[in-house]
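Comments concern the structure below.
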Amino acid sequence: MKVKLPGIETFPNQFQGYTIRIEIPEYTAVCPKTGLPDFGTILLEYQPVKQVLELKSLKGYVLAYRNVGIFYENAVNRMLKDFVAAAHPKWCQVTGEFNTRGGMHSTITAQYRNPPKSR
Amino acid sequence: MKVKLPGIETFPNQFQGYTIRIEIPEYTAVCPKTGLPDFGTILLEYQPVKQVLELKSLKGYVLAYRNVGIFYENAVNRMLKDFVAAAHPKWCQVTGEFNTRGGMHSTITAQYRNPPKSR
Amino acid sequence: MKVKLPGIETFPNQFQGYTIRIEIPEYTAVCPKTGLPDFGTILLEYQPVKQVLELKSLKGYVLAYRNVGIFYENAVNRMLKDFVAAAHPKWCQVTGEFNTRGGMHSTITAQYRNPPKSR
Amino acid sequence: MKVKLPGIETFPNQFQGYTIRIEIPEYTAVCPKTGLPDFGTILLEYQPVKQVLELKSLKGYVLAYRNVGIFYENAVNRMLKDFVAAAHPKWCQVTGEFNTRGGMHSTITAQYRNPPKSR
Amino acid sequence: MKVKLPGIETFPNQFQGYTIRIEIPEYTAVCPKTGLPDFGTILLEYQPVKQVLELKSLKGYVLAYRNVGIFYENAVNRMLKDFVAAAHPKWCQVTGEFNTRGGMHSTITAQYRNPPKSR
Amino acid sequence: MKVKLPGIETFPNQFQGYTIRIEIPEYTAVCPKTGLPDFGTILLEYQPVKQVLELKSLKGYVLAYRNVGIFYENAVNRMLKDFVAAAHPKWCQVTGEFNTRGGMHSTITAQYRNPPKSR
Amino acid sequence: MKVKLPGIETFPNQFQGYTIRIEIPEYTAVCPKTGLPDFGTILLEYQPVKQVLELKSLKGYVLAYRNVGIFYENAVNRMLKDFVAAAHPKWCQVTGEFNTRGGMHSTITAQYRNPPKSR
Amino acid sequence: MKVKLPGIETFPNQFQGYTIRIEIPEYTAVCPKTGLPDFGTILLEYQPVKQVLELKSLKGYVLAYRNVGIFYENAVNRMLKDFVAAAHPKWCQVTGEFNTRGGMHSTITAQYRNPPKSR
Amino acid sequence: MKVKLPGIETFPNQFQGYTIRIEIPEYTAVCPKTGLPDFGTILLEYQPVKQVLELKSLKGYVLAYRNVGIFYENAVNRMLKDFVAAAHPKWCQVTGEFNTRGGMHSTITAQYRNPPKSR
Amino acid sequence: MKVKLPGIETFPNQFQGYTIRIEIPEYTAVCPKTGLPDFGTILLEYQPVKQVLELKSLKGYVLAYRNVGIFYENAVNRMLKDFVAAAHPKWCQVTGEFNTRGGMHSTITAQYRNPPKSR
């Protein structure tokens, strides 16, 4: 988890009480054990308060994992931590759905505060 | 948000306790940053009280975004505001699901009062 | 709403605490504004008490809209009223999902008493 | 409902707090009105207590409807009654989804005690 | 249930409040009655506390059922017991969805403590 | 076949060697035997020479079948004849795919001269 | 093959050079070996010359297999023979796609003269 | 057809005997009759000889139709002409599949020389 | 290829000029390199002459690969050889579509004489 | 095209007249213009003569593109050349289907000798 990643820029939020959902299907990183690439889809959902994550900067952040050796659990929890630190949202949820490896298909879901059930 | 858009006409509602859901898959506007067109699907859901949004007028309203430069968050929240101002519904929800840009697929959801969960 | 429609027959119900769901994908009527035909799917759900709607008679009732000029909202709410009057169910819900017109796809949902959420 | 159907065998249950869901897509019976065959899918869900329905015997039970004249509502409620009598489950739900007849597609759902909503 | 299966290794968990979902579509065992192979998909969901199930070891565990004679209910409940014993999770759910046999398609779901409904 | 239908207008064609394919999913007519409505999708494909079928007029032509009693085979062959008479195409093919009736799903395909196989 | 089946009626054909395709998804018969029911979809395609198969009569013919013990190959080839004898078509093809039995999914295709490849 | 559109740049081709297929799902123009926007997907397929169409420039070319009033047939044939003029391919095919208008879904296909059938 | 497999029984064929297609989705064997199981779907298509492959015996033959170490190419070509030896068909084709391994999805197709293209 | 890539190993082929199809959905490289990653699926089809491409070595070859700057056309044609040089097949076809970029979805297909049409 000592991985150095670029910061994520934000812009001021103008509305309240709405949610943002961003699906990023081109996530790739490297498995620290085998050195082989992992692929997956990252799903970010949050309710902004004062700041909105800027999309181009968010893309740069996700691209920076390309040659990083990191496990599934660490990647998803690290993203959650970085998104929360950048945007200070009311709540946030990050889901990583990873391509099948060894006949097993993993999905990791981490949350910052409880997302409302009625989404 | 100083964008000038046509008004939306309504007609008197004759029933109570029912909901209306309108999917508009041909939304397009212009990205204010790049000048390139954005595309998406707008989903409007509401419970009418005294007025129902007139469909032809609603279509004209959505068409008016075609050459307007507006961000995703602003478009969805602006529509919510305009739909509520026109129809004074019991509750209203607007969802904008936008085509992939830069490998990222965004969905914005804004609500006026809480839609019931049992929908 | 002064439209004359055939009655719907029923037969005595023999069981309690169960639900009936009927999907009728061949609904068609005429738009009162343009005179052009509308098409859609009607979904009827209810919990019978003493009477069950007879299917052949129900079909005749829905067929009778074929050359009637009626708006979406009116059709769905009228059906709900007629189904409730015929069967006196514990609860009833009618959903009309109509084919795209002018690039817009409408769904109207009307309820008599609250359907249980666990359906 | 004076139809004679074979009994359903059970075997002793070894675990608690789990659910069994069996989908049987090859149900067929005869419509008592028209004499024409009906087709459908039966979905059985239950939480076993002391007994589990034996699958081969369950299959024989469902096959026995093949040349029986029985309405949708009766078939689903009769199955529920027979499954409950055989297995004495904590709860049970039977759903019959029947093939389109006369342009109408019927689904009947009957329950013995309330299934938990978190299934 | 006297079947000997390999142990499942774990590694220390570094985060709290997140869930892991692993889909294993290549489960196969042998039916104790007929001697013929069964096939299915195992879905494991849990919230780790101090330990995370190691994927390669988990794969070896599931592979070990290949030539074991075991019924559906026993396989799912046994897996739940072994996963809980290895990882001591906050909650755990195992679902086995088995290929159609004799025109019937079975799904068994077993839980250790209640998974939250908002998953 | 003594049915009176509106003419189909055309406009002058400006290009050669291209094909036009029009799918019309809202066809409806009446079964002459039962008096009940039929529904279906009409697929028209042709290579224009000097004239192109005008879409609004084509729509009016298809709408005119709504209350006409006509069999599947007659409807498809009649349309082919009328389309060829209006546009004098190089080749033309009309396919009618009709909704299931009595558990049978019919598709009728009629051709004027041979369409090229490489379409 | 000594099975007695009802005749199939025809009506005079009025057009030439077109094809008819009928999908019958509710075929069922009995396996002569096990006595258990078989299910499948029959697909009939032909080019009529002087006679067209009458649909209601065709339905009665297919229904008559319900309690007949007959193998897949025999059913498909027998149908082909009977359809050809009734309609004397230019060409005819019958395909039977049968539900999975013992983990194997069979499709049988028989032809009377060669259907054109450009269908 | 007096519409002024930007040129399409090319770069030198380095290989022979291969094909390029580009799907452009965000085409939009304006209907010259109604003034309302049309939407569709353009599919371009060709075999390059000395030049390859440059993608960014191709995108700019297609974007330029946004506020142009042009009929379906004209748009597809004009694109074919412009693509051929820019790249001088061995063969080229342009297909425009347009969103449903008035319940009719049109597809126009134009070719420059015959594409091989084995594609 | 020195693998010992059970013979496949046949029964006398009663018709000519028809084809049989059998899809077997539960193939499994062992990778000779890694010792890990392989999974896949076998598709057998042939035109019988004097003999038809008996289904139960065919199933036993495919089941016998379960604990055999064999590569994809060898399995498909061996099956082709054994099917041809048992049934002496006019033509035969065997396709093995194997589950993804190492991010690669393999399909092997082997033929005995040329299957007709018009299938 | 001066890119250095690892060689692909082969093993001796034991059969004739069959084809191999390998789908590799996790291709990624870098766009030489923008420096941003490209993603896509590579489909390799060939008929082996004396040598078969070894799968693990093939995987290593495709992985080697991960940080290489290369255009779509060059990647597909280069792979074709390298596969042909390694395996000397009777024929070979390589298709690259690349993820949408700038609203355009490209597919490149290159062939070494003509693949048979009856595949």
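Per-chain residue numbering starts at 1, and chain names A, B, C, D, E, F, G, H, I and J are given in the order in which the chains are listed.
Here, a contact is a pair of C-beta atoms (placed from the backbone, for glycine too) under 8 Å apart; a residue touches a chain by one contact, two chains touch by 3 or more.
Every value quoted in this text rests on a predicted model; they were computed, and no experiment measured them.
Residue-number overlap of contact pairs with H-J passes half for only one option from B-J, E-I or I-J: I-J. A count of contacting C-beta pairs for B-J and for A-J identifies A-J as the more extensively joined pair. Centre-to-centre, using mean CA coordinates, subunit A is 45 Å away from subunit I.
Separation between the centroids of subunit E and subunit J, computed from CA atoms only, is 38 Å. Chain centres here are Cα averages; for subunit B and subunit G they lie 52 Å apart.
Multi-chain contact residues of subunit F (touching two or more other chains) are listed as 26, 99, 103, 117. Of all possible chain pairs, the ones that touch are A-B, A-E, A-I, A-J, B-C, B-H, B-J, C-D, C-F, C-H, D-E, D-F, D-G, E-G, E-I, F-G, F-H, G-I, H-J, I-J. Those residues of subunit G lying in contact with subunit I across their complex are 1, 73-74, 76-77, 101-111, 114-115, 117. Considering their complex, residues 99-100, 103 of subunit A touch subunit I.
Interface residues of subunit B, counted against subunit C in their complex, comprise 13-15, 17-26, 52, 55-56, 58-59, 117-119. Considering their complex, residues 26, 28, 36-37, 39, 63, 66-67, 99 of subunit A touch subunit J.
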